[in-house]
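Shared chain: chain A. Partners: chain B in the first complex, chain C in the second.
Now for the complex of A and B:
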């Protein structure tokens, strides 16, 4: 009986391998990328006129951003889209080994949406589920630059969860930096 | 009279001055022509400046883009990743019958990860471990290759791997960095029943059936229980010239659709843990667990059971059934400190009529100096029917990166 079960399992697995290998030829590149950046901005600002803008990473902003994510921030500027008090950001952060591309929408210093646009890690992809990312809606930044709420994690996806937490906090900080900058420049 | 004369002289002077300051029509025309020329020159300068500004913007954009490309583009070396974890333990334990004690300091595990991304859909991952610090003849430790496999994506939600990999069973077998679990030592149930950490050589596929429901299936080398052995932990061959007369199969279903909740069940079938020597002994492992986190509260519970053919009872009576379970509530009192308690019970001779179970209660705390660096202290109370359980304190420090 045990041998029969074993052989059945062996055959089933071999058949599954064959089917998936056959599928691989046309869908292999779809792995991990769920939405492009332009499509994300179009979706976010479907009913609004949004302007593409740039936040320059001044030494002060760069320093604080590095403190939030725990490592130096690369690049010279961050591109974002804005309409009135609503900003949308596309940022990347490494979970364990590979970068996770994350879209964050902030309005009036509160997160409206977090969306995983691309996930490339081998494990921990559960962070892209809407049920998980919905936890970030309404989150704001505390004085210590941490999110002001607990995010229920996923066993085995801790590093990915930390990456999303960092990006959510970073987008809130960038949003505040942008608003502070535009307020300064108002006549 | 004098006053009139003075006024006349002054008036004549003013008129003369005024007549001298007013240009003629011809002079006016020349001045206008001159000003027109200056305006034209200024306009040309303005156009030149605009062009230069535009050119400067293009140069600046090109320079910034180039700098960003250089600073942000993945280099060849970034395709190869490096990481690791480690943990130092101190145990101060006394046996219940006072016949022995265990007071020792041990760098239990020093692990290095190396990975390489060959392409978007083909990658390599490995884990090399030094256990107990010193390896060699008559030394307490060993050098072990715990993972070394090639993984490739078959489709958007499905991937396969081949090589030496950790089996998809239990909570800590695949995720066991010290900062991810409570307690200085790993729990006894997964260690002695599953037995974690457990790796085999073979091939596997994994993927998502629907959102939050994933599967794993693997064909791999099996256990080998040599003469006189009956515990699964003794049967791990660690893929070192491993006997492969009979393979084994492992399958797992995992549900993670609700944030904070994981429910999983694994089944493993061993065709013959004697690998063709003597009487055939087949075995089936069933394991299920739940991990639930809500705000600062977390609960982990696991049950595992081996059913071997009754022929194993010729080696040790009651070894045909080997079971264990634990339940572990924990509470995070701050970002840095978490308290836990664990009740566990395992029995490698559960099929016998006599009581042979090992019970253990652990309580303790983790202090995270950093999310990846943890200090641990806990107290354990272990009870066995033969008074061979160990009680006492464990302390440790661990890290991962």
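Now for the complex of A and C:
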């Protein structure tokens, strides 16, 4: 009887160790670069002829962008790819301490795709799962520059989720700014 | 009794110091001594910390340097994110190009960040230098790791508008001669950098503990405190003997 109990305890400990180490390695693996920028654009515009363009951040755009992300934005221009009414952006936002690189595709003022290209934090990497990023598909920008839908959060990844929300709203705003500037430049 | 007095007189300063420092150490958490950091040069030197002189690149009268954390500073202003080391800085008529280990920062003539060209945008990880010759920008790559990247040559010409790289037909030596070496920052910038960055420091608790135990002065300091301890024992014995004699 004692022997059986001893065996059962041993087996339980071994199983617990296995689960623990798998979980630990899983969280470590969350860090990394999943896709490069050029590969992301190639994938997004596989069937279309896309043009690489830059959006110069005018003082108005900068101040609105700063209001969306909650801090001043860096850089005087943002690079994007465009094909007709579809634009693709690669933007960075800090989750807790490290920047998360996020690819956002916008078509007709609505998000078509959000993809985490690089995640550098040690925790919260669950935001890269398609099940999570799929929630952004179809989201648009409200008048108050917030997303027009509620995104379900992930326990332990709140800061990363906020970062993705900000970037999604920012990409929608930049897309609108591109459309606006091209409309004003129309003859 | 004469010796008791002499011993007492010769040790009283040290004893008072030991009593005060012992009291401070006993109440260190309350006094928050471990949160007070000291970073004066002589103290860091004494503890064997090497404080190297910060280096940077002087281009067009502006000093470009890394803050020891994650920022590229230009004359004291935070211009861009930059993971150490800051490898090289070059200028064209359009602006400046500062190569850090996390990417190439494109700055305008006022040293404002235009954009960053990083690994995610296609900058090969083995980039060793940025050099400007005849207003053209060249990036030099480590030849030993070139096979593992998607670039075709050791030197590529960089287009600052399209961020494209194309193989360059130029002798490496011609670029090497143009490259500027890092130089120690002027004293005023060194001072500001030291005040802003979080370099090595010693907590006040460590300093008091080392002074209390004598370790601050090395082996001799420890022996000295041992000697004081011995003298205190002798003092208490001679004191007791004097008291008995008087009775």
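Here, the second predicted complex is superposed on the first by the 156 of 187 C-alpha atoms of A that agree within 3 Å, B and C clash if a C-alpha of one lies under 4 Å from a C-alpha of the other, contacts with A are read in each partner's own complex, and residues count from 1 in each chain.
Here, contacts are C-beta pairs under 8 Å (C-beta built on N, C-alpha and C of every residue); 3 or more make two chains touch, one makes a residue touch a chain.
As the structure is a prediction and not an experimental result, all values here were calculated from the model.
Using the contact criterion defined above for the overlaid structures, shared-chain residue A:52 touches chain C, although it does not reach chain B.
Legend: residue contacts after superposition of the two complexes on their common chain; A:132 is shown touching chain B, with no touch to chain C. Of the two partner chains placed by the overlay, only chain C lies in contact with A:37; chain B stays clear of it. Contact with chain C, but none with chain B, is seen for A:118 once the two complexes are overlaid on the shared chain. Which of chain B and chain C touches more residues of chain A: that partner is B. By the touch criterion stated above, A:90 is placed in contact with chain C alone, chain B being left untouched.
Annotation: chain A residues 74-77 touch chain B in one complex and chain C in the other.
Across the interface of their complex, chain B is touched by residues 2-3, 5-6, 9-10, 12-13, 16-17, 20-21, 23-24, 27-32, 74-77, 96-98, 120, 122-123, 125-126, 129, 131-132, 135, 150-156, 158, 162 of chain A. Looking at the complex, you find that chain B touches chain A at residues 64, 67-68, 71-72, 81, 83, 115, 117, 120-121, 123, 125, 151, 153-156, 158-160, 171, 174-175, 180, 203, 205, 207-208, 211-212, 217-219, 247, 249, 251, 256-260, 262, 269, 271, 282, 284, 291, 293-296, 309, 371. Interface of chain A with chain C (complex): residues 33, 36-38, 52, 54, 74-79, 90, 101, 117-118.
For chain C in complex with chain A, the touching residues are 80-81, 108, 112-116, 119-122, 162-163.
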